[in-house]
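Before anything else, here is the set of structures, which you'll find just below.
Both complexes shown next keep subunit A, but they swap its partner, so subunit B is in the first and subunit C is in the second.
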Partner chain A sequence: MLRALVQVLLLAVVGGLVGVHVLLRRLAFVTEALQHTVFPGIVAAFLLGQSLLLGALAAAVSTVVLLVVTTRARRLDQDGVLALLAAAAFALGVVLVSRGRSFQHDLTVLLFGRILTVDDRQLVETAALALVCVVTLVALHKELVLLAFDETAAAALGYRPAVLAVVLNVLVALVVVAAIRSVGSVLVVAFVVTPAAAARSVTRSVGGAMVGAVAFSAVCGWIGLAASYELSVDHGLDLASGATVVAVMTLGFLAAVCVGAAARLVGRWRTASLLAS
Partner chain B sequence: MAEPALRLQGLSAAYGRQPVLEGVTGSVDPGGSLALIGPNGAGKSTLIRSILGLVPVVTGTVEVLGTTPERARRDVAYVPQADTLDPAFPVDAFGVVLMGRYRRVGWLRRPGRQDRAVARAALERVGLGSRGGDRFGTLSGGQRQRVLLARAIAQEARLLLLDEPFNGVDSTTTEVVLDVLAQLRSKGVALVMATHDLSIAHLACGDACLLNRHQVAFGPIGQALTADTLKQTYGGTALVLAGGSTIITAS
Partner chain C sequence: MGAVLDSLSQPFFRRALLEAVLVGVLAGIVGVHVLLRRLPFFVVAMSHATFPGVVLASILGTSLFLGGSAFGLLVVLALVVLGTQRAVDDTSLIGVLLAGSFALGILLQSARTGGSKELSAFLVGSVLTVTPADLVTTALVGVVLLLGLGLTHKELVLTAFDRGGAAATGYRLRLVDLGLLAAVTVAMVTTIPVVGTLLAVALLTVPALTARLWTDRIPPAMAIAAVVGAGSGVVGLALSATYDIAAGGAIALTTAAAFTASFVLTLPRSHRPRNTPLDSLDDLHGAPGTRGRGQSGV
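For the complex of A and B:
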């Protein structure tokens, strides 16, 4: 349980930080596609008895390269390429899994993850990936924010938008790889997009959104994990931990949206009463 | 005579194989100002982007501050139209102005006290000193345009490129922007400004370049803007009235 909590907290930090950039650059669909394209890499590594991390990493980097190459050709738009890649990769993954002996069981684990069985080695790997992501994001913070706000001005200042975009895509891929064994190939996107979306609805700055996203993700992760563990152990209700965490995050997101809307209403009401007086 | 801030020699630019602008020749001196005039799709923005080195030049040359556009970037500031930027972006006005300092700050470092002081002064210069904490998207269109001008001031550039800076802005903004541009020119900063507003072009610029996918005229604004060149630039949408004045019915 303690290992699972540490894993969730590590994912909260890195998912929250990268998630804010994902929303600013409108890369949510890229994240969604990456979580599917990573799937066959994990399955292949699983069947070959290799490191799942390396399998996922190879598939993620191949996706980013394919994405950059195909969209530079300009004949296909990015959304089309992403949809095509995601469907093709997912089909490939399922075909590969069906070659295994315990098809149903393996597929469930790969699709929905197993956060409670995370071992020390996985924790070290997640920490290493998180460190790479956090250091890169801190180092390139102002450049990535400028790029998201005004790409032409960034290019005019001499930055290379294409290079920065690839760096950000690789970071998203690393987060997906770090999270996929814990929460599975279907729910990873929630760890990236949901906390950032919740934080965006109640904060006014990029830094505020980052702090908010990390805190939101950590609290929801902890509640979701504790709830699924307690219900499983004490009440015999077998809840999938990763999915429970995502469900709690979704509820938290709805609450944040309501809080944000209420704050805006109060703000408007105050302005109106100030103007009236 | 100092070397020109901008020198264009037979410039043609293209996106892919399709040429969008041909045969532009002329120069702008330090402290000089050039209005780019033409209908939508005439190549005004393309010309600005080729001066920034963001559009491939097919033939001819672009020389910016005596060097290539790529090498001159640190000394060239670009002011986009405010409404091309996302109003929901979580950044305040001061944060936007500070972006003008990023190249001077360099990689891996945060803007320092000096950068903040320059950004604050720039925001005050455009009359928004008290609005630095306001989110960019909550400001009016004119105020957002002034924030973007302040970002260019903070960059301390020697050549300013402005894309339709007076489009849909209020009269206060027009006054402030004209005043700031005149002051920058007096300090030797050169301006290139795309505009469809001929009276503003007269007020803000000494020279004009009339474009309609090719150069129609380039020279002192009084000589370049004639009934004949306007008709060539705007085609059937230019009407010559009885008194000899020309009006553009659509652009």
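For the complex of A and C:
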């Protein structure tokens, strides 16, 4: 239980930080596609008895490469290719699992993850991946923000937008790899997009959104884990813990949108009354 | 091949073949509209978002098709309402809603005891257990959807390419958009029995994407997409019978194989690198007077 909490907090930090950039560059679909393309890598590693981390990393890197190669063809837009990659990779994963012996059970575990069975080694791996992401983000913060808001200016100043875009995609891939074994291959996107979107609906500043996203994600993670634990121990209601965390996050997001809308209304009313007086 | 011929004598396998072909044709044609409007992410999102509806319907014992459609439309509504709050862009909003509703589906599913088998049937499909009633539903829904798309073809294409022009001509953009989103959602729910919620996106985008490689015009693209969709259904089922692998996965992989082959075969034609993200749309649009007129006729 303690390990699960540590894992969720680690994911909150890295997911929240990367998430703000994902939101700025509108990479939600890339995140969604990556979580599906990493799936067959994990399944293959699982069947071959290799490290799941290696399988996931290999799959994530090949996705980014394939994405860069195929979107160069002039008739294809990125959205279509992402859908294709996600669907094909996911199908490959399902076919691989269906060759194994305990299809239903394995599929469920791989899809939905098992945050309660996180072990020390997995924690260390998550911490390492998180460290890499955070260091890269801090080092490239200025460049990435500039690129998000004004690509032309960034190019004129001598930064390479294409390289930075690939770096960001790789960072997203690392977060997906870090999160996928504990949250499963379908819900990772929530850890990246939802906290950032919630923070974004109450604040406009990039730094504020990052702090807000991390805090939001950590609190929701804690509430979600505690709720699923309480319910399953005390009430015999066996709720999947990863899904509970994501459900809490979604409710939190809706609340944040309402708060943001209310704050804007109050602001408008104040301006109006100032103007009137 | 022997395994395939053996299976052909089984009525359930023949039903599965027919269902896969019907769904393949329907999804291929609807898929062209999905690509035209850049809706692939929407389709991915809906494929996750209909999931809780399907689980609820199975708990209540009502039609999975109804449950999925109803919940899907609910999420479309939430998307439209939340979209008016300008704080968060559409892409991120779709991401949030998709994960949220999928989590809800898992929660509902995990709250009932031992539904693991049904769960994976929803997720990856079970085309081999299709009943005659399912077949009739698919055929009816398909005919209605295709008729609707055919009758509104001109409006749909115009609003996809030239929103300003369409609005000036007096079309109600929101109405057309909502109608198409509803049509895509219904088409998606129909494909769920064949390939499952997670792979419906394969049938709704990949055949159309494959067709896009071969042609710039809409009616031929629809024809090619329909053939690729139906063909993938047949080949995928045959592969699944021969090698004993999950049918939904095999069908989706076949569409991907068709795309890869087309990508390699058409490489010589697409040597020019894209200039702008809108380039592909411009190509489809064509110069006024050359292709523009051909597109509007069905």
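Note that the second predicted complex is superposed on the first by the 275 of 277 C-alpha atoms of A that agree within 3 Å, B and C clash if a C-alpha of one lies under 4 Å from a C-alpha of the other, contacts with A are read in each partner's own complex, and residues count from 1 in each chain.
Here, contacts are C-beta pairs under 8 Å (C-beta built on N, C-alpha and C of every residue); 3 or more make two chains touch, one makes a residue touch a chain.
Just so it is clear, the structure is predicted and the values come from calculations on it, not from any experiment.
Q: Figure out whether A:7 sits in contact with subunit B (first) or subunit C (second), or with both, or with neither.
A: A:7 contacts neither subunit B nor subunit C.
Q: If we overlay the two complexes on their shared chain A, which of subunit B and subunit C does A:146 touch? Say first, second, both or neither.
A: Only subunit B is touched by A:146; subunit C is not.
Q: Check the residue A:88 against both partner chains and state whether it touches subunit B (first), subunit C (second), both, or neither.
A: The answer is second: A:88 touches subunit C but not subunit B.
Q: Could you look at A:37 and tell me whether it touches subunit B, subunit C, both or neither (first, second, both, neither)?
A: Touch partners of A:37: none, neither subunit B nor subunit C.
Q: Could you let me know whether more residues of subunit A are touched by subunit B or by subunit C?
A: Between subunit B and subunit C, C touches the greater number of residues in subunit A.
Q: Given the touch rule stated above, what does A:70 touch, subunit B (first), subunit C (second), both, or neither?
A: second
Q: Between subunit B (first) and subunit C (second), which, if any, makes contact with A:200: first, second, both or neither?
A: In the superposition, A:200 touches subunit B and subunit C alike.
Q: Examine A:136 and indicate which partner it touches, taking first as subunit B and second as subunit C; both and neither are also allowed.
A: neither
Q: Just checking: does A:182 make contact with subunit B only, subunit C only, both, or neither of them? Give me first, second, both or neither.
A: neither
Q: With the two structures laid over each other on chain A, which partner does A:208 touch: subunit B (first), subunit C (second), both, or neither?
A: In the superposition, A:208 touches subunit B alone.
Q: Considering each complex separately, which residues of subunit A are in contact with subunit B in the first and with subunit C in the second?
A: 200.
Q: So in the complex, the part of subunit A that touches subunit B is made up of which residues?
A: 24, 139, 142-143, 145-146, 148-150, 152-153, 155-158, 200, 203-206, 208-209
Q: Using the touch definition from the top, list the residues of subunit B that touch subunit A in their complex.
A: Going through subunit B, the ones touching subunit A are 49, 52, 54, 70, 73-74, 76-78, 80, 85-86, 89-92, 95-96, 99, 102-103, 105, 107-108, 110-111, 135, 151, 161.
Q: Considering the complex alone, what residue numbers of subunit A touch subunit C?
A: Checking each residue of subunit A against subunit C gives 22-23, 26, 28-29, 31-33, 36, 70-84, 86-88, 90-95, 97-99, 103-105, 107-108, 111-112, 186-187, 189-190, 192-194, 196-197, 200-201, 237-240, 242-244, 246-247, 249-250, 253, 257, 260-261.
Q: What residues of subunit C sit close enough to touch subunit A in their complex?
A: Result: residues 35, 38, 40-41, 43-44, 48, 82, 85, 87-89, 91-104, 106-107, 110-111, 113, 116-117, 119-120, 123-124, 198-199, 201-202, 205-206, 208-209, 212-213, 244-246, 248-253, 255-256, 259, 263, 267, 270, 272-274, 277, 279-281, 283 of subunit C touch subunit A.
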